[in-house]
Amino acid sequence: MNRREAAIDLGVRAAFMALVYLAFALQLPNYYTVHGIAALLDGAVLIGTVSIGVGITMLAGEFDLSVGSLAAVTGVVVIKMVGIGIIPSLIVGVLFAAAIGALQGLIIGVLGINSLVFTIGSLIGLRGVALILSHENSVTIPIDQLSDTDFFTTPLLGVFSPLSAGMVIVFVVAGLFLRFTRWGREIYAIGGGRTEAKAAGVPLLRPMIIAFTCSGALAGLGGAVLSLRLGSATPLGFDTLLLSAATTCLMGGIALEGGRGSVVGIAIGLFTLRFLVTGVASLGAPYYVQNLAAGGLLIVVVVVQLLATRHRQRRARMTLALQPG
Amino acid sequence: MQSDGAVLRMRGISKRYGSVTALQGVDFSLAAGEVMALLGENGAGKSTLVKILAGLERADAGTIEIGGVLRRLRSPSQSLHAGVAYVTQELSIVAPLSVAENICLGSDRHALWSRRRLDRVVRRHLDLVGLGDIDSATPAGDLSVAQQQLVEIARLLSRNARILILDEPTAALSDAEIEKVKAVVRTLAAEGRSIIYVTHRLGEVFEIADRVTIFRNGHSFAPMEVKSLDVDRLIEHLLGRRLEQMFPERGSISGPVVLALRDVTAPGLREPVSFDLHKGEILGLAGQLGSGAAAVVRAIAGVTPRLGGTIALHGRPLDARSVRNAIAAGIAYCSDDRKRDGIFAVRNLFENFTSPALPRITVGGVLSRGREVKLASDLAAFFEVARDRLGSHAGKLSGGNQQKVALGKWLGIEPSLLLVEEPTRGVDVGARAEIYRHMRGLANQGLAVVFVSSDNQEVLGLADTVATFFRGRLVRITAAEHLKPEELLRDVTHPEAVAAGGPA
Amino acid sequence: MLRTSIRSFGLPLRGLAMAAALLSPLMFGHSAARAESKGLLVVFMPPGTDNYLAQWQKGARAKAKDLGYDIKIIESSRDQAEQDSQVQQEIASGEKVSGYIWWPYVNAAGTGSLRALSKTGVPVVFTNQYPIPGTEKFWTAYAGVNDFLNAETAAKALVKACAESKTVKCNKGLIITFPAGYSAGSDREKAFRKAAPNLTVIQSQPSGFMAQEGYKTASQIIPAHKSEITWVYTENDSLADGVIQALKENGLQPGKDVLVVGGVCHGDTTNLLNGSLIGTGVQAAFLEGWSSVQSTYKYLNTKKVLDGAVYLPDDPNKPPSDDGAPHRYNFIPNPWVTNAKADVDSFKLWGYPFKELCNY
Amino acid sequence: MTSFRPIADVAGAGSGGEFDPRVATRRRRVATAIVIAALVVLAGIGGAFTPTFLTFDNLLVVIRQASITGVIALGMSYVTISGNLFALSAEELAILTACIFGWLMRAKFGLALSLIATLLFAGLGGAVQGGIIALGADPIITTLAFGGFFRGLASVVSQNQNILLGTDAAQWLGTGRPLGVPTQSWAFLILTPLAWIVLQKTRIGRVLVLAGANRAAARSAGLRVGQAALLGLTLLGLCCGLAGISAAAQFGQAVANLFQGLNFDVVAAVLVGGIALRGGQGSPIQAALGAAFIALLQNFMLLNDFSSGWRMTVVGSLVALATCLFHILQRRRE
């Protein structure tokens, strides 16, 4: 896929997102009011933040399955520590999650083990840790302190609350990092061609640790912020987060084999999915319609992508040997 | 530091892979500003040595001194820091990244990579390798293989390394590009950098190398001045035998026509191609990369679609729209990349040998172990693969043995036509002779064989008939006996000079 | 070149059209029903994939229709964060809502969203999960089950059955609960232990909601404690179904060697009728939904809440009256039914027979 | 027309001549040996600490526990060995088939017809995914998408109600104990060697293995690579169908929230069994052993009253450790 094709691909996905938006906006006035959009943005914060982390590992040709469990552990940790203050506990929580992510990246990088395989272990194990830390119960902050985190969602700038503005900042920073820094491009490099990148002198461990630290930290950030805002954390929480985040990335055109995709794509995938899920729920349709619609949509994306790829391959096959000679 | 000006001194380097000794106490040194060629059969240890130097492999024993300082080279980046840059045999281009990013990849000089800044950094190097007119922001995957190889060289230039390793850099390049690479090598040496040049092409040794180090069976021999050598002496050192022994005797061809192409066009061909191939005949298609030689066999094998003309097999029209069709018609095809699609590296030889002939070892959908063992051992015996290797993974064999498997498995389908691209790519000299002998043996037993090769010696030595290709056109078809090496070389490099001589 | 690449992307565009066609029926199915009505009730709840919740929805819809209200049920995924986002979305929609009914996925974690709902000034009726102390100012009334009562009833019935049994002398037994971390589960366990202090618990094991999960857990623990088990308490009858099968496979006769109590009719009645269960409590999901809507209505009608708790009468034939103000806590009844067929057949609550309330 | 025949006819070959491929490949069965050793060690430790652990009854329980996960893991091992990583829709397809079976039984289609129709549907559900994957789609994304879709369909079929089968006709399938061994365990014990035989001894099994080992080489050897994904996913679908039917039959009811977390249980079994993710290597027996090992461990922890938190932590760490161990072994051998 060359640059123009990539741009067209992104354009088609964006058009698709707009279509989903319009389909629901016709029915739901809150899709175009300031409050409604603000709520849509706030509702996208958790999945958006975590999706970037998952997306970064996918760009590196890896897959972090542990994000949901890690978000739950971090939520429990942060709520238990909230006595030291909201922001300090948030920072500690994110550092904790980043450390776990870095450790995973280190093990995966040093052993060269497939992360899909390794993180199934941490997916199960970290959930167990969350249960142990919380004594198998929800942990809460005192009710009179609930309003302490109100500032998270108080409108700040038009449709942006500090929370959604934070998400936008995360998106922008991640985008700039991936696009314009050596470390960011190394993540693409090890995803686009592991042995090639190694042969070119990229130290594989560094991008690997960075990618998993990002996904750990962002999963932790999502889990911590949401838990603080809700005033409690449950060890069983964030169960569906992994699938949502993965679906977001896939809808946004992040290739599972690594190296291809962009933060803009993740944003498009995120809102395509959020428009759909929020819309279905707001209409009062049963939950299974969400399943059907999201599953069906993803099937459509898979099939269309497949047909487009095959078409391109057929063309490439015809012109394969027609190189200037 | 020694007074002889050695920038690199490796002492007592040993390396084992499992039970195989790749290097045994090898000493190696390199002087500043020299081009040192490394020669040796595959598996002789030269690639292992440069990989250790490049930080891709770790030596089991031995020391490495660079610029008089002892170094531990545990990773490519450590090697880079020590001033060693490496262009691999396999490409190290990351397809989704841009050309500029690929050049800067692995260097830690700039933390921020904006497009404009990178372009400024790499422009000079791109100009030097003749890629001055491409946009450095193009994804490298969009370039041709040769261009990618040049990008790698440009990367190497950007490294400012004192020691440059080029591991068979010209294997996939066309002549014009090879010239470019050689020119770059000479420029670099003139600048005072030392170059280790790993190659299989003896000609290149004489053209650019100052000294040559020969490897045999994991040992290295003392470097020799190239000026003091000629080709025969070099080959003698390399093999311990003479070139003539390499190619088997030709037989006489009198069989019926097996394959007939009439005005065939296919992707990669600019003009229609026609020829006949007889039973027991070996046809060599000679040509450099992009010449169209490979395009012909790919069209016959159903890998790429045939765009026009007719192909007849045993007088009946063949319409192979896929590889499966072609196989069903009795056509066996070996690509030029056996690791990619020739062998199953993680399966044993039984399974490899019988893979195209499953129907033959199956009774009612169930595999018969007896038949499988019989077929595989017969094939192994035919190709002289040691029987006790049959249980090991194909990936563990030497390049030569792998090639025997990739070729030999086809006999199970009882083919009437064998198509082979680059039959001895990545195969050491000793095993080459064996493969030539087997191919001739097959032809003698009545198989029609077409092979594609960019190795002119191979074409001249092995083929009965030679078809030369240049830039998508068939230049001419000649009996190999009547073809002089100089003519062949001209045909595949600049046939305009002999345009009057050929029918095409 | 450009033209070919546009052609190659014609495929995705065609895909878009297909997707849009798939989506459109979904769009237009809904707004039609909004005829003349007294107002709109909005329910937030976990997904109805669980049959209990689906049954609850039926009751709520039936009562809302009865009272002339529109009802919109917003189901979340199994995620408190998602539910919170739905609350924000609904509040932002500016839709005119007469009352909210709130069923958090995780009770404690839902407090923030509950608070947000309360700030809109629209009455909020809490249901199913017993409100956490301290959140009183965020909700208008509670209507639904009482997990403590429920477990207590089960415990009392078990103690009584033990006393009456000629074959078992109850001492040691097992508790099989809802999954770890699920608050209704720990509430029930606590209340059960408190109400039956003389029963010795060998092991209390979190399991799930369904018979299969109950079986999975029980079939592993029971062989080890075969000789000493005299009773088993599970947190609903589906789990009990699993336990009963495991007991039988280990050669223990439920009702004779071991007394099993589930306490909440759920799923199937086979084991109740054949005596494997000592009885069951009719905590009907249908009635819980029904009464949540009724309590909302009663508040909207009177704008008043009476202090304290009330157990809605367990009149067999007549549902509680729609008149008057709701109490602060409105618990649906949890009448006990023995395993006698006559008892089951004749049972009625608020005019609904046992079969209708318990088989879903 | 003449064909080239350098090789004598193999049809008359005997039982294997002087070469036995098994001898040569024996040393590669390390992974299997490790899992078996781990099973024995765990059983020994368990027996020493927990008196009831090593009783016949308890071992029967363990096998019963391993059965559903194990049967699906057999199907999953085909998917993995064929080089298609994992299918993340096994849980959902099992739920859907349970609901469909329940629905058919309730609608009085009769046991035989319901069984056949359900299994057909299950196979079809797998085959559709397999077909799309065979065309070149990514297996993870495809199965993820179908998983959501199946889950939604299960809700539609069941209307989110408990579907009561209303007849005991199917009960035996879920609760029967021929010779004292539960039907599920019979299925597991019979299907495991069967799966091994199909993979090892049949032509289509060989195609699957070769396609997993090197897709391009298989294609250029003229094998139908698409068959591998199709076969793997279809068999997985059938295994899911068996699990669904057994679950519905066991209690005479089906509901849309069965099998919570089954996907990862199955994948964990495949990984603990030491099957390499890159395909072309491993055997269904390893998946079966993996499932048995996890069941044994779970049982041990349950009997010793580990909290669910600790149980999950231990199992998770085990999966991580096992995968690291097998990975290192694999790497050392290469």
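The letters A, B, C and D name the chains in turn, as written, and every chain counts its residues from 1.
Criterion: a contact is a pair of C-beta atoms (placed from the backbone, for glycine too) under 8 Å apart; a residue touches a chain by one contact, two chains touch by 3 or more.
Everything numeric in this text was worked out from a predicted model, so none of it was measured.
Shared contact partners of chain A and chain B comprise D.
The chain with its Cα centroid farthest from the Cα centroid of chain A is B. Looking at A-C and A-D side by side, the one with more C-beta contacts is A-C.
Centroids of chain A and chain D (each the mean of its C-alpha atoms) stand 30 Å apart.
Here the spacing of chain B and chain C, counted between their Cα centres, is 70 Å.
Put simply, the C-alpha centre of chain B and that of chain D have 42 angstrom between them. Counting only residues that touch two or more partner chains, chain C has 48-49, 179-180, 206.
Shared interface positions of chain A, i.e. residues touching 2 or more other chains, are given as 131, 136, 235, 286-290, 293, 296, 301, 303, 305.
Taken residue by residue, chain D touches two or more other chains at 151, 155, 160, 256, 278, 307-309, whereas all remaining positions touch fewer.
Here the touching chains pair up as A-B, A-C, A-D, B-D, C-D. Residues of chain A that touch chain C in their complex: 4-5, 8-9, 12, 15-16, 19-20, 23-24, 26-30, 33, 35-36, 38-40, 42-44, 46, 131, 134, 136-140, 142-144, 146-147, 149, 153, 226-227, 229-241, 277-278, 280-290, 293, 296-297, 300-301, 303-305, 307-308, 311-312, 315.
Partner chain A is touched in their complex by these residues of chain D: 85-86, 132, 135-138, 140-142, 144-156, 160, 256, 264, 267-268, 271, 277-278, 307-321, 323-324, 327-328, 331.
Considering their complex, residues 56, 75-77, 79-80, 86, 88, 90-97, 101-102, 104-108, 110-114, 137-139, 141-142, 144, 155, 174, 266-269, 289-292, 294-295, 298, 304-305, 471-472 of chain B touch chain A. The part of chain A that touches chain D in the complex is made up of residues 63, 107, 111-114, 116-118, 120-132, 136, 235, 243, 246-247, 250, 256-257, 286-296, 298-299, 301-303, 305-306, 309-310. By the touch rule above, chain D contacts chain C in their complex via residues 50, 52-53, 55, 57-58, 61-62, 64-65, 151, 155, 158-162, 164, 175, 177, 182, 247, 250-253, 255-260, 298-299, 302-303, 305, 307-309.
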